[in-house]
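Here chain A shows up in two complexes: once beside chain B, once beside chain C.
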Partner chain A sequence: MRDRDDQRRIDRLGALLAGIGALAAVLLPFVIAKPNRIVAGEPLGLVAALPGAAGWPVAAVLLLAGVLTILDRRPGVRLAVAGAALAAVCLAVGVAADGLTPEGDRYGRVSPGGAFWLLAAVSLLAATDALARMSLRPAGRIGALVIAAGATAALLASGAWADLSFMREYAARADVFWREAARHGVLAVGSLAAAIAMGLPLGILCHRSARLRQALMPTLTLIQTIPSMALFGILMAPLGALAAALPLAHDLGIRGIGLAPALLALFLYALLPVVANTAVGLADVPAAVTDAGRGMGLTDRQLLTRVELPLAFPVILTGIRIVLVQNIGLATVAALIGGGGFGTFVFQGIGQTAMDLVLLGAVPTIALAFASAVILDAAAEAARRRPA
Partner chain B sequence: MRVATALRLALVALLAAFLAAPDWFEPVFAPLTENGAPAIYRQASLLQLTIAHLGTVAVASLAATVVAVGLGIFVSRPAGADFLPLSRAIVNVGQTFPPVAVLALAVPAVGFGTAPTLIALFLYGLLPIFENTLAGLRQVPAAVLDSARGMGLTGRQRLVEVELPLALPVILAGVRYSVVVSIGTATIGSTVAARGLGEVIIAGLTSGNTAFVLQGGLVVGVTAVLIHDGLLAAERRAMAARASKA
Partner chain C sequence: MIELDHVTKRYGDAAVVDDVSLTVERGTIMVIVGTSGSGKSTLLRMINRLVAPTKGRILIDGRDTAGLPEHDLRRGIGYAIQGHGLFPHRTVAENIATVPRLLKWEKDRVDERIDALLAAFALEPGLFRDKYPHQLSGGEQQRVGVARALAADPAVLLMDEPFGALDPIIRDKAQEDLLAVQRRLGTTVVLVTHDMDEAFRLGHRVAVMADGRVRQVGTPADLLTRPADAFVSRLTGTNDRALKLLSVRPVGSVVSPGPADGPPLPETASLRDALSALLWSGARALPVADASGRPLGRVTLDAVLASGRVG
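Showing the complex of A and B:
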């Protein structure tokens, strides 16, 4: 009986999201067409932006999606509806850009407007809500991520967005984009690898020695309070001096600006979560288990590798997740000291007040951080479910 | 403990002296400069920049606390239950957004200056406070709530007299974390022309003057540590006062 009431009652969250979407679609521009990148553009609503009468079917799909989100409480239906709304909005903005760009025009820019962003945002939120209510298992979450990534890749590869402003910025600097992407990966993953290589042994030592723990932990916590921009900058000086004093170090790429100080700073930020989680994970291993291991005649080393580390693994993985997500975000700041990465586009864009360029740097960073979080969360949960 | 207190007092005195009369410290920073570049940032008063920096953090944190605690209470009531799954998902996803990206994306909406920084700090600060408010309210034992109900307390009385006091330590820990992170993140605001200590660091980065980078970074870092410790001490004192009263 209660279930049926639940099915019939309107969904307040759905009502809120649909309301925001409807207001945005009516009041805000769907795209902004500019004759070139710098000047102010002409805002166009959903119907005006699309060629011919194509705006009406899109509006109808969105209206239907809004109504269903309010009335139907089944998560599967809500997910499908949100996906359909998102697809409609994304395809429509591509069609609008294509229709508004004169053939062969290289300077015109069609940027997505407020209505597009809000409609896409409420669709994504509705999809997130549906997924959250499904409470998927780790494999299901990875599956959802793969589907989302595949759909995004298909959309980008199809050329449906080719005339949109930020894709034009991308087309103009595709090779630089992938170079900075690789650089971003090197910064985030390289510093993580170094932090694991050093943080794991340090965490094990901290677990064994309370004195080391009391000395190391406050230091590592202190490093975390140094603002990222300052730490990047402060490390420029010693590395610059090192390069000046040792030609060999300079030849190895150790310089005051660029990759070296950025990697070192990210490594320092990464140490605390790795060391702390290793120590906490090891401390959480029940004493009865280690006693039993010792009783079976395991040496300290065997006890560590066969019992303690496998049991602490999920906690360590959680630390690695924190580090990777944090480093992907912080690596954007590396661009300020010539370290490269997606931050290059963000700061270039801020400098030129070219928001399309900012998007080109910010959106991949967010996507990368989000995907890493989903994957590592799922991995940590899977590790927890499977008894070691 | 006594050594730590003395250390902190010394740190406060040092910070105050540096902000009041930075020129006294010129010999300390001079070795870090090259080609006779200035050792102390003089384009603006360091004290005023610190006040502006902390003011931005205070406004954003205050707003974030009010909104996050309000939202946390709302989604944990029956009326807000529809919003619970999504709000938890947003907190998880939101924390993966890099501050630089949030800041840069706020610029087209509100323009350059302090406004995008306030928005980014506010949004970023919401997450830990909301998370802790929810966690604090959820850890209130069901038996306690039941007996409060049995005593005839209304939903509102239960919230104000039972749930919030029990959740307070966890909520305050969230506020403290949020404020400390904001102090660091606010430095990035200077890349979009917000007034604050990031200005000093950026001036150092662009002119290759390590002395500027170091003094900006040190002031931010020391302030963050001191405020963290101050908030922690205030929390402990409040808890102790309540415990002795009860």
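Showing the complex of A and C:
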């Protein structure tokens, strides 16, 4: 009886999301059509933006999705509904851009408007919420991520978005985009690898020596409190001096600006979570377990590699997740000191007041951080689940 | 045989273990009993050098333990502790295989040994081999802990409050199992406890420790009838010492020839159990039989009462 009562009641989160979506669809422009990338454009609502009467079926799909997400509490249905709404919005914005762009025009820009962003955002939130309610196992979550990535890739490859503003920005600089994407990866993953290589042994030493822990932890915490811009700036001076003094260092790429200070700064930010989580994970290993291990004749190294590290691994992995997500975001700032990465587009776009270019840098960064978080969360949970 | 020869452990100025000499005969159980802070655990942990003695020597079968690398020494000594200390990420079989694998035994020999030990501790091998420690009850975890300590057939087994975390009924069973396994394997056991009843039940000899020194070493009956000082007699308890004395003596020690009616008592039962049976049945005497049920004679109420008297 209670279940049935529950099912009849409206879903509060669904009502909130549907309400935001409805307001956005009615009040905000779905796209903004501009004769070129810099001037202010003409805002168009959902129905006006789409050619002919194509806007009405899209509106009908969204309305139905809104109603279902308020009334139906089954996670599978909610996921399907949210996915359908997201697909409808994404396809509609591509069709709108195509219809509003004159044949052969190279300067016109059709940007997604507030209604598109909010509708896409509430659909994504509804989909993630539905997935969370399904409480998938780690493998299932990775599977959902792969499906989402595949759908995104298919959408981009299909050319349905070819006339959208940021895809035009992409088309104009596809080579540069992939170069900066690779650079972004090097910054985030390279600094993480260095932080693991250095942080793991430091964490082990901190676990063994209280004196080292008391000296190192506050230092690393202090580094975390330095704003990223300031840290990039602080590192320019010593690295610049090093490059000036040592031609070899300069030739190796160790200079005041560029990749070296960016990697070093990200590495320094990454160190605290890795060291702290390693030390905490090792400290959480029950004393009786290490005492029994030592008492049975495991050497210190055997105890570390066979007992302590495997038991601390889930906690260490959580630290690595924090670092990776944090570094993917922070790496954008590296563009300011010539470090490259997606930040290049963000800061170029800000400089030229071209928001489409900002999006070209910001959206992949967010997608990358989100995907890393999902993957590493799933890995940490799998590690915790395995023997437990 | 384990010999402790004027062993001292100091932390700074404080002597936690102060000039202790003690001999544990091969194949016997020595229980070290004392209050917390008496130095009993430290003394035990010096035998496998988890704690390094400040002064003195420890010999096992005549060999100075200081002459071996620590991990080699420990692989030859079983070690079981309170809270079992099983590796939570390893199965029961992997836990038991720890020391045999460190000693590089053949895989077949390890597997055989795992199954034999599980069976010896009444844990069905097919059922328990692949379980993880968190899937076991407290009593099962404790038995696996002792099985793991015995895995490489050590001549010496060290136990630090091994039954401290168990409830009374399971503890009783665990003590019985330990006695049976020790009798069968002839292992030399040193066990630390704060529980005097446990000490009397398990120990062939009992060492009472206080403030880092051994106050008295002797059989349970020695400690009860001839306590060396006020501390020992306080620890052994004066209210029920006659009953305790009966509980450490077997029926077999007072059997006399002659007939008696009623269900026979096993000769290994304690005189305390015999007294209880005599009081309950109202009889003046009960028959006694050996393990196979063969009649040995009888035990009389008078003989039991005489055994509870000092001297």
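Points to keep in mind about this one:
Definition applied: the second predicted complex is superposed on the first by the 387 of 388 C-alpha atoms of A that agree within 3 Å, B and C clash if a C-alpha of one lies under 4 Å from a C-alpha of the other, contacts with A are read in each partner's own complex, and residues count from 1 in each chain.
Here, a residue touches a chain if its C-beta (ideal position, glycine included) is under 8 Å from a C-beta of that chain, and two chains touch if they have at least 3 such contacts.
These numbers were taken from a predicted model, which means no experiment stands behind them.
Of the two partner chains, neither chain B nor chain C is touched by A:Ala379.
Look at A:Leu304: by the touch rule set out above, it reaches neither chain B nor chain C. In the superposed pair of complexes, A:Ile366 makes contact with chain B only, with no contact to chain C. Of the two partners chain B and chain C, more chain A residues are in touch with B. In the superposed model, A:Ile234 lies in contact with chain B only, and not with chain C. In the superposition on chain A, A:Gly329 makes contact with chain B only, while chain C stays out of contact range.
Of the two partner chains placed by superposition, only chain B is touched by A:Gly343; chain C is not. Across the complex, chain A is touched by residues 32, 82-83, 85-86, 88-90, 92-93, 95-101, 104-105, 107-108, 180, 183-185, 187-188, 191-192, 198, 201-202, 204-205, 210, 213-214, 216-218, 220-221, 224-225, 228 of chain B. Within the complex formed with chain C, the residues of chain A that make contact are 286, 288-289, 291-299, 302, 307, 310-311, 386-388.
In the complex of the two chains, the chain C residues touching chain A come out as 48, 50, 70-76, 79, 81-90, 98-99, 102, 132, 134, 145, 148-149, 158.
On the side of chain A, the complex with chain B involves touching residues 11-14, 16, 125, 128-129, 131-133, 222, 225-234, 236-237, 325, 328-330, 332-333, 336-337, 343, 346-347, 349-350, 353, 355, 358-359, 361-363, 365-366, 369-370, 372-373.
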